[in-house]
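So that you can tell them apart, the chains are marked A, B, C, D and E in the order they are listed, and the count of residues begins at 1 in each.
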């Protein structure tokens, strides 16, 4: 497999190219066979190479840019870190391809949808397998592009188009930082391949390293929707649900975490950057969790929950526990995509996203309900399910590495997570049905991937220790053994909070039918998503638009154009004025000549004096 | 005495034409006019080897003079072609048009081939007397006014020239333009220079003395205006070249520089808003006169650039006048609207002339400007070149404005024009010459730089 | 060989004059055939060009007017690439105007061929006089194209275009006079001018004159107001060639003339020029964002993109320099394509007001696909051609001066903003009026125009070495000359 | 005594000029010019250029000015009154008569400064200024033709 | 009969002629005033000749007079044509073309 691992990204690439070129021509059946099988193939290949992996495989296909002392090869690298990502990405994407066959069955853009999905898988795999930063940047922006295409898939809906554009632009802002990071790294190291940077990081002063790390982190926040640049993710729910499942749960948003862990030595070397990553992560976690409490759109809730879970991952990596962060990423990919798929099934059945119009779907959609419950239990960290191990691993590492505050916030967020996820369950599956029409169970082709994912989200968490050992060859993975009693104490704390959360949710939404809660000022603020969107608009978008309009009307047309036209008109006016001199009267003509002579004489006399 | 031959041929055929016209053989008179011009120019070629001073110094038959006379004859020939169809259309029945052209050309040849002030004066008078009549030929109200204005101002300017001659004579005792006489900066000589310049600047239409140009061009018939715009200028500038020795004297030099700056600026600015094509051509000729006058600042050294510029300018101007006269006296720019659809060849020709007058590269106009301005610049007047270049930017506007009217402005009724075979021939000939001068002028330039 | 490439269109145009204007079909096919043939012909020097030698190859010389004004043509790496860009785009532009131009086809195709000769001449001229002749001769056909076949305010736009450019080039002409007089035995051959010793103060003046002429042509920030008018009023093919090739002449002029001949002047002016380039990037993007008319938006976008190119050249590090030149080619392709597509939309809907357009992706899926790829290429999506150029320029400028790099990279965000905004306004959302649902699909001709361009996007994006290696040596050589180090024989070492 | 005559001529010419400039009546103004020219002729004679003096008096005072008077009458005639004829003719007559006297007696004037006779002038013309002599004939021919062309009435 | 007085007279005549050109409105006066200026110039020429005692000056004056006469004749013809059509010949009648 050593020689063939570079084929992994090329299968979906070929798929995407084929579908784009001949999308209009081939039948739906062929597409629904071709697209998933290609992704399946690449999943198979990544699984095989995962198994046979020993050490680090690097394959340079051709030299992409070679100008002066800058040379960027088109090189792919397969090592433990990227192997995990490759497997998760291709696996989840394969399942979602199958799920989409059912979900998108009666959509007129069917072929176009699968083309974009394949393109996305290709870009994500390229991002994950790239051996140097610029190549990763191709995947990085490619993924941004596909999220733009897929969010704005139903482009006839203005909201979708706006959301797509917003997503791309916010990502672009992140990429701006990422690009500057690449430049800074190049000026520092002269070579942009990960291995080179990681090995030579000590040669650079921590201050510069912090700057470079932070710039890259700006890119990461843009891509993984962390605090400053998270605003695009909630709107990204306009796209089809499988898209949200794949992109906005499992793969794209985790790219930031992968990038940080890939360049972990750089962050470690800079120290301060690592702290910042941790704190940004944990604050985003709690911030997003609070917003999720009050959302009524089922997909918005899941979106905010994704943001907060990724916040956890960043916190994990930030406190130095790369293995824990990656492990949480691995498990999160499964249960979060499952949550989204179930939400998809619910929407497929009910036809609306608004939870207030749902309720009592337990009987109507039993399989969806059960898979949804499993995922909910996992996410709230109930022992026995995968998230319990990964999330608590992070909290343990945080506590042990001295970040007491981070641990505390983490635990509170766990409680909040449990509350909003069960609020969602109770509002959708319990009580009586509040919407019109009769909800029906999703078709089998959707249920199978959901159940597989449910299975994974359970067994996924059973081998935390081997996960760390698997990553150890990377050299910067440290495994801390905590005293048994301390571990129990930590686990207990988050467990209790989770149960309290569930109970409160049960109390509010099942017993008092969701009316009792005092919809005070706090609720309205949370519901309004802290008005962050409006703030951004107020601070950046409107001034930019208004400012440019003003400049365009008054400065561009007013000043510059005016000076140009003004000089033209002045010349014409001058022409008119001077032509008045030609009065047509002979007397004046004589006067002209006389003045000519007089001036001449004056010059002559002056030259004498 | 041989050197007199071209002049004699010219005047001889003029008189034959006069006699023929007496017997109302109008066509024959024209034919003898053509014959006279051709014979004279051929004689010039033969006599090129016999250069020198004749008739005790009054007739200077040097390379400059010969080339200028050749130019005068060629351009008069072109004017003949243009006038050929035009005159019947406008009602100038008499044959005198051609006779007057011949005599005027003779006067110009006289002016060009001498360095004696009195001969220049008499040549100038022959030229202007014929021009007063030519200006009035159209027999309508404007034409009469043009000839009266030209006559009176002409007399007025000739008096200046005479007074200049008197002072010159007072200082040197004879009227030969000798380099050392011209150079001494005594007050009398500066005054003499000023008055002589006044007379010549009137003819060359440089600013303080240009005021006759617009009205006379507008009033006189188109071929005649064409004739004025180039033949008078050649004669005036050659005479100027002869007495350019005066420019050593700072007062005189600053007087000319001042006039050049005013000419270039005034000529270009006023032309911007002109509605009548002939007035526009008048102002364009004023501004071109300003450019040519710059070559005078270099004295003898700038001669070749001046002559090259004159030759190219001649073809450009007469080409445009051939088109203007094909539109037979409806001269406002609105009459040119939609010409490109009605008469594509005329419009294309006019557009070509306008573009070459504006000085766009592939045409001769650019090359002429290139040589002229670089010579003047090399002479140390870089700032003057910059002013002239910026003024010529204005000229691009009004030249292209004519093209705009022809190509880019539609019109309801068809423009009135007539296809005269001879003026078409003149037009194509000028296009060919401009392109030839613009792209393959090597032989001409070698000739000019060696002999002048 | 190269003279043939340059003058075949001219001969064809002259022959066209004598063909009667009635059979329009003949003109369409003949002009396409001629420019197509010229393109094929121009591939030969591209192949035969050996990259290692930076000096101009395929030189042809004749005395022409003598006294230093002689006819000398040759192409080094940079001019070869720009030559190819022109010959590649000319047939596409001509093909795109087949049913766009309804009246006076004969004059139109004559003007297009004359324009092509003018453009080709500028890039291959090695003598300053010849360069200036082509530089201005090319204005006349453009004047007619915008003037006769343009939109409503065409007269104003075309006069403004000609006068503005003339203003700059006339000042340059005065500079040429000076050089003609000063240079030893009146030689205006570029490589003689490079070794000319001029005193610093005159160098500054001359550089200012040359820089002004090229800055107006590029256009850099304060001199750009002619561009939007010229573009909105020009017919599609006109604005394609105007944007794709004419604007490059400004950059080429700086690169070939202004900087190497007056290095002292350049050293004095370069900080201001860099600042202006950055302002053009940001300003162009901001203005593009608020335009109502699609073509004006694309016009301002080319102001912004050219800001990037000029930054590459002014910042004067090797990577940025090569990136700038490479970006010239990319910008030519992507903006050319943008204009072609906007033209195709205009042909169908007869309006360019973005308010009235919308939801065209449904009736014109293929066109919206092409527009998507073109928008991505001009945004600089990695993997496509735009990215390589911008990446090099930004990296080079970041290396030279951090703040410059940061502000320049800002353009990455802004360009995404207005281009996606335009894409959404034109293609996405609901169809504004029902008639648009039944718009005619892209016919074969239009597809055949766009396909080669898209292939080039990917080819230049994924395998740029193929192109960069051709002009890399010449670029390094140009830089060495411009920094007045003695012209040491070009050794194959790493660049600065 | 001769000085006295010279100063009379001097004053007379300036007087003629003054009348010409400031007199309202057209014809009288033009007539006064005859006086100026005549007195100028006298001065020329006193200076020794008798030939030129006579030409000036006869040619200018006689022919040219009278021609002008005719044209002025042409203009004024339509509206002016007749009696000014007497005054005009008397001024002209007086001026011419006075000049004739001076011309007859210039030989005795003391300031004869030039030493050549009119005959020599003729010879000079034929020898040095021959070319110019021919040119003036060409000029006169052209003048005649052009004035005829101008005056011709459109048929 | 001092030379100075002669120069004074010629200067006065010249200036008077030039003034005449502007004072009176009608064309004939303009023409005449040119004649006066010309006479002044001739006088100046002759005074130079007396100082220099050369024969050439006479020839020059003679030629200048004939030339001037011819020119004035044509100018007068032009004015006559205007008068024939327009009854009066002031500069107002010939101010049709301007600008």
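By our rule, contacts are C-beta pairs under 8 Å (C-beta built on N, C-alpha and C of every residue); 3 or more make two chains touch, one makes a residue touch a chain.
Everything quoted here is computed from the prediction, not taken from an experiment.
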For subunit E, the least number of touch steps when starting out from subunit C: 2
Where subunit C and subunit D overlap in contact partners, by chain label: B
Between the pairs B-C and A-C, the one where more C-beta pairs touch: A-C
Chain occupying the middle, per Cα centroid: C
Most distant chain from subunit A, judged by the mean position of its C-alpha atoms: D
Averaged-CA centre spacing for the pair subunit D and subunit A, given as whole angstrom: 108
Whole-Å gap between the CA centroids of subunit B and subunit E: 27
Whole-Å gap between the CA centroids of subunit D and subunit E: 12
Centre-of-Cα separation between subunit E and subunit A, whole angstrom: 97
Junction residues of subunit E, two or more chains touched: 21, 27, 30-31, 49, 56, 63, 67, 70-72, 74, 78-79, 81, 94, 96-99
Contacts with two or more other chains, residues of subunit C listed in rising order: 163
Touching two or more other chains - residues of subunit A: 579, 582, 584, 586, 590
Pairwise chain contacts under the document criterion: A-B, A-C, A-E, B-C, B-D, B-E, D-E
Interface residues, subunit B side, partner subunit C - complex: 355, 360-362, 366-367, 370, 373-374, 377-378, 382, 385-386, 389-390, 392-393, 396-397, 400-401, 403-404, 407-409, 441-442, 445-446
Of all residues in subunit B, those that touch subunit E in their complex: 118, 121-122, 125, 128-129, 132-133, 136, 141-142, 144-149, 151-152, 154-156, 158-159, 162-163, 165-167, 169-170, 173-175, 214-215, 218-219, 274, 279
Touch list for subunit A against partner subunit E, complex: 579-580, 582-587, 590-591, 594
Subunit E to subunit B touching residues, read off their complex: 14, 17, 21, 27, 30-31, 34, 37-38, 40-42, 44-45, 48-49, 51-52, 54, 56-57, 60, 63-64, 67-68, 70-72, 74-75, 78-79, 81-82, 85, 93-94, 96-99
Subunit D residues touching subunit B - in the complex, by the definition given at the top: 128-132, 135-136, 138-139, 141-143, 145-150, 152, 154-155
